Amino acid sequence: MAETLLAVEDLKTYFYTEAGVVKAVDGVSFTLKKGETLGVVGESGSGKSITAMSILQLIASPPGRIVGGKIIFNGENLLDKSPEEIRKIRGNEIAMIFQDPMTSLNPVLTIGEQLIEVIILHQKLDKKSAAKKAVEMLSLVGIPEAEKRLKAYPHQFSGGMRQRAMIAMALSCNPKLLIADEPTTALDVTIQAQILKLMNDLKERFHTSIMMITHDLGVVAEICDDVVVMYAGRPVEYADVNTLFESPLHPYTWGLLASLPRIDDREKKRLEPIEGLPPDLVNMPPGCPFAPRCKKAMEICRVQRPEYREIKKGHLVACHLYLNMGEQ
Amino acid sequence: MSGSTTLEIKRNRLQPRNGKRESKGLWGDVFKRLIRSKSALTGLILVAVFLLVALCAPLIAPYDPITDSDLVKRLEAPSSEHIMGRDSQGRDIFSRIIYGARISVQIGVISVSFSLVLGVALGAIAGFYGKWLDGLIMRLMDILLAFPSVLLAIAITAVLGPELRNAMIAIGVVYTPHFARIVRSTVLSVKTTEYIEAARAIGCSDLRIILRHVLPNCMAPIIVQTTLSIGTAILDAAALSFLGLGAQPPTPEWGAMLSDGRSYIQRAPHVMIFPGMAIMFVVLGFNLLGDGLRDALDPRLKR
Amino acid sequence: MEALLKVKNLKKYFPVTKGAVFHRNVAMLKAVDGVSFDVLKGETLGLVGESGCGKSTTGRCILRLIEPTDGEVYFEGKDIRALNNKEMRQTRKDMQIVFQDPYASLNPRMKVRDIIMEPILLHGIASGREARDRVNKLLEVVGLASYHGDRYAHEFSGGQRQRIGIARALALEPKLVVCDEPVSALDVSIQAQVINLMEDLQKEFHLTFLFIAHDLSVVHHISDRVAVMYLGRIVEIANYKDLYQNPLHPYTKALLSAIPIPNPKAKREKIVLKGDVISPINPPAGCSFHTRCPFATDMCKEEAPVLEEKETGHQVACHLV
Amino acid sequence: MGKYIVKRLIGLIPVVIGVSICAFLLIHLIPGDPARAILGERATEETMNALREQLGLNDPLYVQYARFMGNVLQGDFGRSVITNNPVIEEFAQRFPATLELSLAAMIIAVIVGVLAGVISAVKQYSIFDNLSMVGALLGVSLPIFWLGLMMQWLFAFKLGLLDASARLSVDTHLQTITNLYLLDAILTGNWPAFVDAFKHILMPSLALATIPMAIIARMTRSSMLEVLKQDYIRTARAKGLKEKVVIFKHALKNAFLPVLTVMGLQFGSLLGGAVLTETIFSWPGVGRLMYEAIMQRDFPVVQNGILIIALIFVLINLMVDILYSYVDPRIRTH
Amino acid sequence: GCTGAKKQGENKGAPGGNKEKVFVFGKSGDASGLDPINVTDGESLYVTQQIFDTLLDYEEDSTEVKPGLATEWENSRDGKEWTLKLRQGVKFHDGTPFNAEAVKFNFDRWRDEKNPYHKGGDFSYYTAMFSGFPGVIKDVIVVDEYTVKFVLTKPMAPFLANLAMATFGISSPEAIKKYGEDYFKHPVGTGPFKFVKWEKDQQIVVEKNPEYWGGKPKVDKVVFRVIPDNSARFLELKAGTIDAMIGLNPDDVENVKNDPNLQLLLRPSMNVGYLAINVEKKPFDNLQVRQAINYAINKKALIDAFYAGLAKPAKNPMPPSLWGYNDKVKDYEYDPAKAKALLAEAGYPNGFKTTLWAMPVARDYMPQPKEIGQAIQQDLAKVGIDAKIVTYDWTTYIEKGQNGEHDLYLFGWVGDNGDPDNFLYYLLDKSNTVKGTAGNVSFYKGEKVSALLTEAQRETDQAKRAKLYEEAQELIHEEAPWVPLVHATPPVAARKSITGWVPHATGTECFINIDKTE
């Protein structure tokens, strides 16, 4: 069993807005092991991105603030570090790529400038060697004529190429952890396939751990080792990928899987949607946030928030259905 | 090109989560957001006071702004009887400023209505029908914009004669291209939205689409521009009057009063100070209100 | 079964213009370049393809929301391109559209009730009380309550908005509904709700769907037949089972293999296409797919393949089949 | 790039022709008879008629317009009917003054405006932000002629610190090279003249700078706030860049684009529209020339002058566009 | 023209020797040109006056003529020929000699539209004073190098007075030939100062002409500064950056008086500010209405408020300083009650509505036209007349006035040459009521008055003329086509250190005697 690289414990990130306190992330915990890929899935607004940004402390404040929890990276709590120390970790030990390759690159700087900048910053190379390294990285992610492309601006790249450039940028400093926030959502399937393959190849090569945020269960199944499912700012289930798809425990996870149209179905079944809507993060109902939509909801679910516990080895769930299971 | 639609949708998905608040209609919401901002509220109050003063001028003003003159006591400094002093004809400046609010209301409303009507019509036609009509109208607007606005206004008042009414027309003409441009660009963006296509799909005619679907959705920038323009129109009319091209004596227009006071700047600075401050406060009011409206009407700022 | 809609050699070219005053055409963007297919009464034809391949444009041309450059569109046997404005507006009663973006497709300045009522009043289907009742009925049909009618669109979630869009389309009791990615913007859980709703409505109102999507799983789920588009052309069209189990065109194959399947155990042979989606402004000569096709031959570079029936009910445009 | 500029220049032709027609019509619509304006109140009918004939004012308008444009195309902008001086010369004599004033105002406006805007955006809702935005709002709400007069009253009349009018004191000698006095003073190393010129230009340029300064500050702030929300700023932060680099390299360069347009528009209108400031501060510039020419029915000066000003205005905007394309690579490649 | 330098001590010169004496003179507008014949405005004439001499000149303190470039003159018996003896040894600034040829050259250029040098302007003052091209002057004959003879078409009473006008300054023929149309930028005369430079809208510099025939100017340089704003100009004067200024706000007069460094000077009055009543319009065709308006206006209050007291109430259309002034005329007193009674008599017991036109620009005779207009408006309101103030820019104002579009019209006149004809005939004769160019803007067509004025024009005996004019004034007073308002004595100011500035009634004067003491 590989050692733990990142452990998030009871992370809470709130936004203080005029409408009230948005509890975007409200008690998230998970661990990510060295060299593995952790998938984070959940509906839109479930707090996936905020969790990721909290790790790098990129939350705009005001209105956002990390109000509690720990983020243990390599044995140290990132939340105890000074902004300057965090800055040194960003891009260097923990790198991040974002959903939208069209807007995540600065339109007025060349790809080269943006790539070299981070290399110089973290690797303390001079300009020339940084440029060499940049070319190397670009070819590595499969951009042809890398040297020439260094001088190109983002708008001269296609979506797929931009996402490759983002990946090159993220990996240029050999980070220990790569956080990928829906890196392929904006791309066509054929391009998505290319990018996923690339990420997998690079992961092998650099032994980088990846935290893969997505709402596409297919992507999770394809490339992740472990998965955490989030709902309304909280983790509801954590397991390795096979367990999760084969024997999911949380009703929400069931719902997700059942509502998915699949091409591997032989016969057309009627989809089983999760009825209702996700809750309002400002006025959260007491108890389990999923209770109003849950077919198995019990009395207790509406009053008491279920604990997020290890039910079986390596399988955590937050649900009253398993009240009596697992080690106490 | 690829994927950008999907993206925008993704972004939109983040917003209306809290849309469960009780509905007060769109304008109710806007108003609520408006008065929540301190500066917008200040603007609203300034404008309201200004309108009120204009409305009730005879009740507030202690003297007649025109006939209560006394040449012997001209340029008297502020005193308890005449809190802003007397002007070059010995009239009460305070009363004149009060009545001046009426003139300014007129200026703001008339000149901006002029450009509003013209600009909205031109902009909507240009934006909706596009092609050569758009090219023609917008080139015309470019031509108007290529003139330095002050000179254009001066030239127009020179053509029509120095009179308040003509100054208002001049300002109306000068402002028209701004409205036309704003309306055109909003029409252009509204035109391509899916609800316009939906309207066409259910069989709406062009006119119905423009009036019922396009224009109501262009309201926000138009309202903002109107509010801001009323302020600047008052300012510009004052400038024209200052140059002797706008309101003529004895009309208590603020710019004309300023222009009057200019000769006495050393002997009796109060004749200049007060009308200038009146202009400043009113224009400030409209600017604050306009800014506030811009924020309140901008759905992106909804929280 | 008879065809409700027949599309023949439909083309839509957008001029690429430059210049502020004299809009000079510098090139043609061939968004749709010779598309032909039939939609049978009561069926759902799925239309898939990558972003920018011309799916929406095809849909819009069929409804004449934009004027096609060339080709014919027969709806119930009449050529709708020959109709004048008034007749077209009449015909619109029978063909409706549901849009992709639940946020942009509803007029934010109108109450939901007015949005749904507008087509009813416009076409004189009902008025007064009767019209209100109809609206309430429609709201109910799509799973909303009548009090929802007094709200504005921005007060609803994406899925609810999509229901409003559907209600508007149904208000005229159309025969054909073009669904332009109606669920792409929705989360999976909501997506399933809407898909189910559409399936129910189709049965209840005997609707015919042209269902546009880029998500192959959704198309697979809802369609009877599926057409695959690439760069403005249809490359393959077949019954959904044939297409998914026995794809003939290399592009379809690649597309299918690229879909991540939510099953970690499902190991498949993957065809990862090289290169990017290309621009329809200057599509390559010959088969437009040859630049990315792993099997392209010299012939593919020179001659554009035509869509032919290779197996019963299974048309493909490829030299290699 | 060259091709782009040429194309843009050609695109300007219709606008310039339109401007020329408007300028021409405008001045010929003005009721005052130029002959009367020239001859004054003592004119007799015959002399007026003779003069009209001589000026070609009796010809139909289109003939006059054709003649006017024909001359312009041959580079002949005519002579002022009041001073009989070639219009081009009248302009050339005033333009440096206006240019110097506008440049000074623009420099003040840009430096103060951009700085205030950036700081306000970075420290949103801080005291600085509130104060500078109130200031900026006041800046666009103040009648600048009033502000100018008030400054004059305070700094010149009451305190006697600055000079109320003109470009230089009478007893200051300055060898002119460019006719931009501050620059000339530097070039000739004439320190006292520099101080004197500075004391003269400070008030009018401050008065003139208020509006553009306020607009630029507001524009910079909102554009900066918008940019700071962008994904690529998040990317830059995620890369571990220093906040200073994020703001000045990544954000400002993007935020500057809309500001640049505003700067161009403002500068363009300063060059032609500083009538009030020039009048108040007795600044011998183009704005005043035009104002007086309109008032005196000096139609060659008005129609040619407006044409020249409009030309300068569109050229500045063209320059801004070109500059824009240097800052914004997305446009460059189109 | 600029003769009569005080022949006292030749330029004492500053003991230090090298420090230049610069006299800085502030005025409100730039010159429009420096070719005197082609300018009509005081702003230009002030400058040309220093550069050019005229054949004859006015006395320093009156409009009597005295020798200028011509030393003697003689009229033929029929009054149609004038022979002038010219001053000898005078040189233009460019070194060319002044002689009879030069005089002829100048006059031919002015008179003859076909003259190749009849360029660079419209020579409007020439036509105005000599009635067209070539007008009254039929020929100019060079008798010998220093004698020139003018042949007129008819006797002309104010001929000599006209020649003394600053606009008829004699230019160097060579310079005119050299500069052609651009001569107005390169003026070359014989005057006490030479042109140095002209910075548009800023300043014009002239320097002393050490070879001036009339003595050496006492300052080395004169700088004419353009400061459009009256207050700003006054400020500069107080600050000492300018030495003297014209166009003082009446409201600043007090300030000048109280400042130990400043002195107030008054320009003798040769003007009249008036309210013309358009007798062609109802109800002003009614004499009682016109008289009522005369009674209604409080001239004293106007003078106190807007002229700083520096004006005389006018009762005649010409100023008292002119010969022929009728002091026996008794003015209409300020008497609103009487005005009301007259109105009632005329059938307007409740008054009526009308327009009051106010000038857009300040003139010496009307330093604050808008204010004066408002005050008059109030005066009229008190007797029931509701007058709306109307204004246009100056050109349009004149044009519409001369077209007779107005009802009540504020206007004024500054004499050119000190001849009563220049006031009465131009402003009130019926021949001057042609629409479009009317100088008589009340459109008053008194037959008797007209007869008197025409007769006075033909008469050459001044005493007889004076009688005729006095009679005419009596009649005009009765008919009341105007409300004569004021004869202003415009205040000007200078630093105390300035001596020798004697403002002249014509509006401009020569600076040869001006000196600056430390």
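As written, the chain order gives the labels A, B, C, D and E, with residue 1 at the start of each chain.
By definition in this document, a contact is a pair of C-beta atoms (placed from the backbone, for glycine too) under 8 Å apart; a residue touches a chain by one contact, two chains touch by 3 or more.
Note that the structure is a prediction, hence the values are computed from the model and not measured.
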item	value
Distance-maximising chain from chain A - centres being C-alpha averages	E
Relative to chain C, chain with the most remote C-alpha centre	E
Where chain C and chain D are represented by their mean Cα positions, the distance between them in whole Å	54
Whole-Å gap separating chain B and chain C, where each centre is the average of the chain's CA atoms	46
Interchain centroid distance [CA atoms averaged], chain A/chain B, Å	49
Residues of chain B touching at least two other chains	2-3, 6, 10, 13, 17, 20, 139, 158, 161, 262, 265-266
Set of chain C residues in contact with two or more other chains	20-21, 50-51, 157, 187, 277
Touching two or more other chains - residue numbers and ranges from chain D	14, 30-32, 152, 157, 279, 295
Chain D - residues contacting chain E, complex	30-33, 36-48, 50-51, 54, 79, 82-85, 90, 93-94, 97, 152, 156-157, 160, 163-167, 169-171, 279-282, 284-285, 288-289, 295-297
Residues of chain B defined as touching chain C within the complex	1-3, 5-6, 8-10, 12-13, 16-17, 19-20, 23, 25-26, 131, 135, 139, 193-195, 197-205, 213, 216-217, 219, 299
Chain A residues within the chain D interface of the complex	53, 56, 58, 62, 87-92, 95-96, 98, 100, 103-110, 117-118, 121-122, 153, 155-156, 166, 169
Complex contact set, residues of chain D against chain A	125, 230-232, 234-242, 245, 249-250, 253-254, 257, 327-330, 333
Interfacial residue positions of chain B with respect to chain D in the complex	39, 139-140, 142-144, 146-151, 154-156, 158-159, 161, 231-232, 235, 238-239, 242-243, 255, 258, 262, 265-266, 269, 272-273, 276, 279-280, 283-284, 287-288, 291
